[in-house]
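Next, two complexes with subunit A in common: one pairs it with subunit B, the other with subunit C.
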Partner chain A sequence: MLTTALDYILVLAAVIVMLAGFARRPARVRQVVEESRRPADFGYFLSYILGHGRIVGGRPLAGIAHLAVFWGVGLPLVVIAFAQFPLVLPAGIAGLLSLVMDVLGLVVLAAGVYFLIRRLTSAPDLGAPRRVVVPLLLLLVIVLSGFVVEGARLRLTAAGYAWQSPVGWCCSSVLPASPLLMQAALRFHFFAVLLFVVLLPFTFMRHLLAASLNVLYRDRGHRGALTPAAGVVTENALLAGDRLFDAGQLLELDACVACGRCAENCPAALAGKVLNPRRVVQNLARCLEAAPVPAGGNIDASRLADAVSAEEMWACTGCMACVEHCPVLVRPLVKVIGLRRHEVQMHGRMPAEAVPMIRNLEIYGDVDGRGCAHRGDWAHGLDVPHLSERDVDAEMLLWVGCQGAFHPRYREVLRELVKILRAGGVRFGILGTEERCCGDAARRLGDENLFLSLARENMDVFNKYGVRRIVAVCPHGYNTLKNEYRELGADFEVWHAVECIADLIRNRRVTLRYPLEKSLAIHDPCYLGRVNGIYEPLRTVVRAVPGVRLTELPRNRERALCCGGGAGRMWLHEKPGQSINQLRAREIRECGVEAVGAACPFCLTMLEDGIGSLELESPPRVLDIVEIVAASMAD
Partner chain B sequence: MKIVVCIKQVLHTYARTGMDLQDRYVAPEDRVRMIDPASESALGLALKIRELAGEGNICLLTLGPLTAGEELRRCLALGADQLYQVDVDGGAELDSRSKSVLLSRALGHLDADLIICGRESIDTANGQIGPRLAGHLGLPCVASVRDVRLVDGCRTAEVRAGAGRGRVAVVSCRLPVVLTVEAGSAAIEHIPSVDDWRRSRQVPVQRMFFDTAGIATGVLREEIIAPRPRPKIVPAPDCGLDAFARIDLLLTGSNVEKKGEMLVGDIERQVDGIIAFLDAHGFLEPLQSAAGREGVSGG
Partner chain C sequence: MDAGMKDIWLYVQHRDGAVEEPTYGLTAEARRLRASLGGGGLVTAVVLGNGPVAGLEEMGFHGADRVLVVDDERLAERCRGDVFARALAGLAERHGPACVLMAQTAETLDLGARSAALLETAFISRVMDLQVDEDGVLHAHRPVANGYLFERLRCTDPKAPIIAFLPAVLAESVPEGETRAEVLAESMGAVSLDGGARVLRVEEADPGELDIEEADIVVCGGRGVGRDADFDIIHRLARAIDGSVAGTRPIIDWQTLPYERQIGQTGKTVMPRLIVNCGISGANEYTAGMEKAQVNIAVNTDPRARIFRFADLGVVADIHRLLPHLCERLEALRGHEPPAAGKD
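Here is the complex of A and B:
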């Protein structure tokens, strides 16, 4: 219990300094609430903080250590706060509480030492700030001094063993019976706590508030949907985004705890590219901290943009591993795309090798520059109805996509899909020459205008034919149509072909008869798996094929490694570091399977190239799940 | 320094998926309105030259209605400063000669130091505009330019140009000069930013009008003769052969074999070769009367 008025004044002063340090946060939060209309999500926040599931998941040891520190600091704080009031607890309960506090102290000590060792031994150049060391040391000092206080108290008051404070009792056995020591230790403990409070906003510990706010005001939109550029003003269908990130994004920057889980799972970082999502976020956060906060909260975009090099931002494959694994809901991917947008929209800079593709999209409406006149050619001889035909009887639109329309291998996949859908009695039609690229690559390469113009063209056609349901075969198109066209008023249902096939198999509308005697692993495409949570249908479908021995790759589902072709990387050159597709190909080889099943045109191409480049004697075959099903289907 | 880039707008037919003979099997989606890729390269070269020179004014010059208006705006957004449009009355179909006369008249008002145009357009592939412009304006012309360096206080251009079979010609000439560029040889590696677009929308289209009457001065008659197959009797192919071989025989049999001779050596020897050929085949009049005519025209 605090004793003198001075103590109260000191506590008050510490809290005031702390609040002053956090002064800019309420403004930011207000902005988040006003700008992005994000209400606080208390339900999620409580389950997040009490359950710690997201923090423990993916890195159990560190997560449990965090859980220990959280409760180890949180519970004593509550107890101390209550101790300021003249409450009298029954002796048994008070003793139990004391025991719990004692044990928690020990646990915090262990966890603190663990964290300290981790931080001191981690590579310093990857954006992990050392400033976490000071608060950790302070925490250890607080715990140790607390034990000394307890020990000294026991030495002076209690005789013999005290079950309520086993650690304090241990300490008391080595401490002299000195009231002075107890007083000194108590003051030291008290001042250490005050210092900790004062330093909260200025050290790593600010994540207590920043991360909590980020979780509380999390973006509840679909994670696969990039939002339009911040501060967008439309003028002749052009965007004038002088702001790089919206308030929500800035809030995220503060929240990053530099744990490095994003980098651990980032294919670019794993392949030794310049990109490291943790460094990106940390550099931006540092920049943000150094920037004065202008009225209205707008930060000069170029200041932030300079914090990240062009090479870094163009190395991202948009795989969303960083978003998936971040314990505090930071989305490094969205920062990277924001930076790309800034680069493209504000400076007109883009890797030269991507410019022809962008021109193709502008002129011909597809990534290959083949022209929409040829967009329906893949279906030649199949007699697939166009939605424009007057008496067409279609319950859904088959979205073909640029790869399905023009990539030689994927055209075949499309033809197989037609076979499967027909066998399952699905009535579908295509848009033929009226379809355009969905705009995924343009948007993820930062060309927001181009995305919007392509999307609008497609939306007009959807509206013209009153499209209600779509089945897409490319996960990128699937995600874009499903999640990103909403902002343009889309209200149709979108299925991925694999979901559709799984449904047909479940309802016994297609039967798979011919066996595929192979050991097969599934490569989870990022835009199906992490982005849209579709993991099981792929496995359900493959399991339904007789003879297939399904194995899992070491990195699968949420942890699956990207093929390297997303976010426009399909059209960019591989710069320093290994090729990401070779990295994945090696994993597949090590798994020893005879075939690998994917469900994405980019994965198919990238993995085939990657496996081909390993020059194996009997390389695993790369198959699309649609092909596997078609081969096994009863005629 | 003023650089004029002649931009050709084309209605590029990249496919024939139509069903109608009347429309020559061209469906609406088979065509795109675009800037000719060679003209785009011409703009790329102009931008490069300006960047090296550190200053300069790039004017776009186009002929006829603005059918690819948005793409022209994009050219402005990429860095061009002005847009001139030569209006053509009555939407007349112009041939290369008339186009070049109209363009040269426009150029007469623009006072250009460098005139750059595409070497050969994607639609007609005539490759005549550049040389004809140079002819009308009395300027030197370098074709298939790849690189230009301005020296001598921007008064002389040192040009590297393709000279066929992988050779490169290095030409030095006084400005003004007409340069032609092949498609894809000077790719523009950036794209317009939002501000560039905004700026481009503020650039006015400056219209120029020239009467097309009397354009064809000096040419009395011009007739385009469509290619005609020259029939040749081919014996019926051996019916024991497979289909491919028979078709192959029919096709090769109907080719008119042409005998030819490759002239080698330096320019003088090649010219001697041509004269000898023309002489041997009776295309040349006796030396006497040729000299006489020369005398007349000289007088």
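Here is the complex of A and C:
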């Protein structure tokens, strides 16, 4: 209990210092609200903080320890605050409260020690800050001194029962009955708390505010949709300007707690590439901290860009694992794409291998440079109607994509899909020569202008034919059409082929008869799974095939390892270090299955190549779900 | 020379007494141009040098009407742009051709620019296409910004402009006619050798080391060849046919070859005149980098390998049994012939 006026002044002073330390935040938050148009989301915030689900998520032990510290500090704080008022509680309840506080103290102590050991034994190089050690020690001091105060008080007054404060009771038995000791311990405890408060904004503990704000003002857009950069989108082009990230992105940088969960799941980091998403975010955050805050709160783009090397930014596969696993809603992937944009749009730098593909997109509108005249060739002899034909009877547009149109293997997959959709009575048409690349690879390689021009061309065609529903086979095209064309005014439903097939099977519009006697594992494509939450339809479909023995890979669903082909990596050379597709191939082999099913042209190529490079006697076969279904279908 | 105004000149590149390939491609361009200019002038090949050059009369088979030869000991050194330019400019001053065509090389870039300066006329480099409009004005197309864009130039200069074509656009010419060209000796006039740069030494690049994007002949090995010592057979074949060595991604992954030698989607795109694919299945990611090769030979044990779809000549055989024999024969052939003519 605070006793003197000086104490109140001290508390006030501590709070003022703390607020001063956080002075930058309100401006940033205001900016987030105004510029990124993100309102506060209190409902989500409460469920996030009270439930702790996202924090416990992928790391139960650390998550539960965090939960313990959160409640173990938060609850006593509330109790102590109330204790400042002359409230009288019934003896039973007061005793119970005392017991709870006592136990919480123990729990915080245990959790604090656990955290301390974790941080001190973790690899120091990856951007995990040691700053966390000071506040942790302080926390332990606060808890321990609290117990001493309690023990000394009990020793002196011997009031209450042992069950009400077991730890205090134990302490009292070893402490001398000294009023001086009690006073000294009390002051010590008090000052430690004040110091903790003062240090909040300057140590790791600032995540209390920064992370909370990030959660409160989270981006409510779809996670699969990149936004058109912090520049100005004009009629035809994006002027990147000198801004690399918008205010919301900067808010995220502050929020990172350097827990490393992103890196733990990042395929590039796992394969030993230079990229480590935690380091990217931490380096950017450090830059941001060091930079003076100019008017408007924007900071020089090149400063931030220099914090991350080209090799790092080009190693990202866009797999979304970092976004999925970050407990405080940071999106390292979006930072990486922002940096690529800066590199490409401002400096015209891009890895040399990707340049021919970009040029093909610019000139021919497809990644292989075959030209749109040939875009419908895959359907030769199948009589698939084009939307441009008069009297075409189509309820859906079949989106083919560059791989479906030109990749030799995927062209076959498309032909099989046509067979399945026809059998299911789906009336569909294609755009044929009027389709262009969806722009996914261009956008994720940082060429935002090219993405916009491709997307606009496609949107014009969609509008021309009044397209209402689309089914896409390539998860990248699916995601781009579904989530990224919205900003260009898209207003249509988009399905993935596997969802469609699952539907047809459920409604018994196609029957699967011929068995596939194989053990088979599903490889979840990132842009279906993590990005769009489509996990079950793949399994439903495969289970419907007679004879298939479905097994799960150790890393599946949210934790599935990327094949290595996203975000334009299909066109980039893999620097020495492990190949990501070989890493995944080894997981598949170790699982001992005879086949692996995917639903993405890039996964198919990547896994096939990865498994091929293992040079096995009898390698597992790589099949697209579409192929599996087509082979099993009753004609 | 009344018809002289319409003569189309082409600059003959020769080396070790023989005419070099791109020259023949120029004759086709020259004939086309003459036709669009009204057909009156003569397609004239110009040879500057010292010592005899073989096959000049035979240039008539490719469409040249006559050959002007300046044989002078001041032209003994290769690559002396200042001396050659004065010789060429003097000749052009005397005859007044409609234009001078060259195949673009390091040498002709130097020669063309200097001659144009002496003649006070235009020099257009990197030309991909040349057309004449109704008014007889030349229009040239050429790539800019690394091939991202193309520009169109109108050449209004009344004097003979000098045009350098990108070698890649010069189609190979097959001898057609039976008429030999008339070879006329010309004099060089007063040109002094003083000053200027001098060539000290010409160093030949080892074809095996040549950048695969530049190479005329590429020998590419795949996983079927094997790694390290097994791959030596590819080097040996490349040496035998003056080819440059390349590999598929597995070869690069094994570090048998460095990354600069990878062909494909994530490597380099090559357009050689000949590519020999050894032990390569022909995955799309590989063929994306070599589809544009002119002549494609594939050797693979698997007759169903996709690579055969691209092949002009496919051999179903084991690399390690076929290639040693082939190399022996090629090396033996080579033993009897001058080195430069060893290509097949």
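In the analysis below, the second predicted complex is superposed on the first by the 626 of 635 C-alpha atoms of A that agree within 3 Å, B and C clash if a C-alpha of one lies under 4 Å from a C-alpha of the other, contacts with A are read in each partner's own complex, and residues count from 1 in each chain.
Everything below uses one rule, namely that a residue touches a chain if its C-beta (ideal position, glycine included) is under 8 Å from a C-beta of that chain, and two chains touch if they have at least 3 such contacts.
Here the structure is a predicted model, which is why all the values come from computation and not from measurement.
Applying the stated contact rule after C-alpha superposition, one finds that A:609 touches subunit C and leaves subunit B untouched.
Within the superposed three-chain model, A:368 lies in touch with subunit C and out of touch with subunit B [touch as defined at top]. Applying the stated contact rule after C-alpha superposition, one finds that A:348 touches subunit B and leaves subunit C untouched. In the superposition on chain A, A:187 contacts neither subunit B nor subunit C. Of the two partner chains, subunit C is the only one that A:570 touches; subunit B does not reach it. Of the two partner chains, subunit B is the only one that A:447 touches; subunit C does not reach it. Contacts of A:408 after superposition on the shared chain: subunit C is touched, whereas subunit B is not. With both structures placed on the common chain, the touch criterion links A:468 to neither subunit B nor subunit C. In the superposition on chain A, the chain among subunit B and subunit C reaching more residues of subunit A is B. For the contact definition in use here, the residues of subunit A common to its subunit B contact set and its subunit C contact set are 356. If you check the complex, the residues on subunit A that touch subunit C are 353, 356-357, 359, 362, 368, 407-409, 570-574, 576, 579, 605, 609, 613. If you check the complex, the residues on subunit C that touch subunit A are 147-148, 249-250, 253, 255, 259, 262, 265-267, 269, 283-285, 288, 306. If you check the complex, the residues on subunit B that touch subunit A are 14-15, 17, 27, 29-30, 32, 34, 187-198, 201. Interface residues of subunit A, counted against subunit B in their complex, comprise 235-236, 238-241, 344-350, 352, 355-356, 358, 363-364, 371-374, 433, 447, 449.
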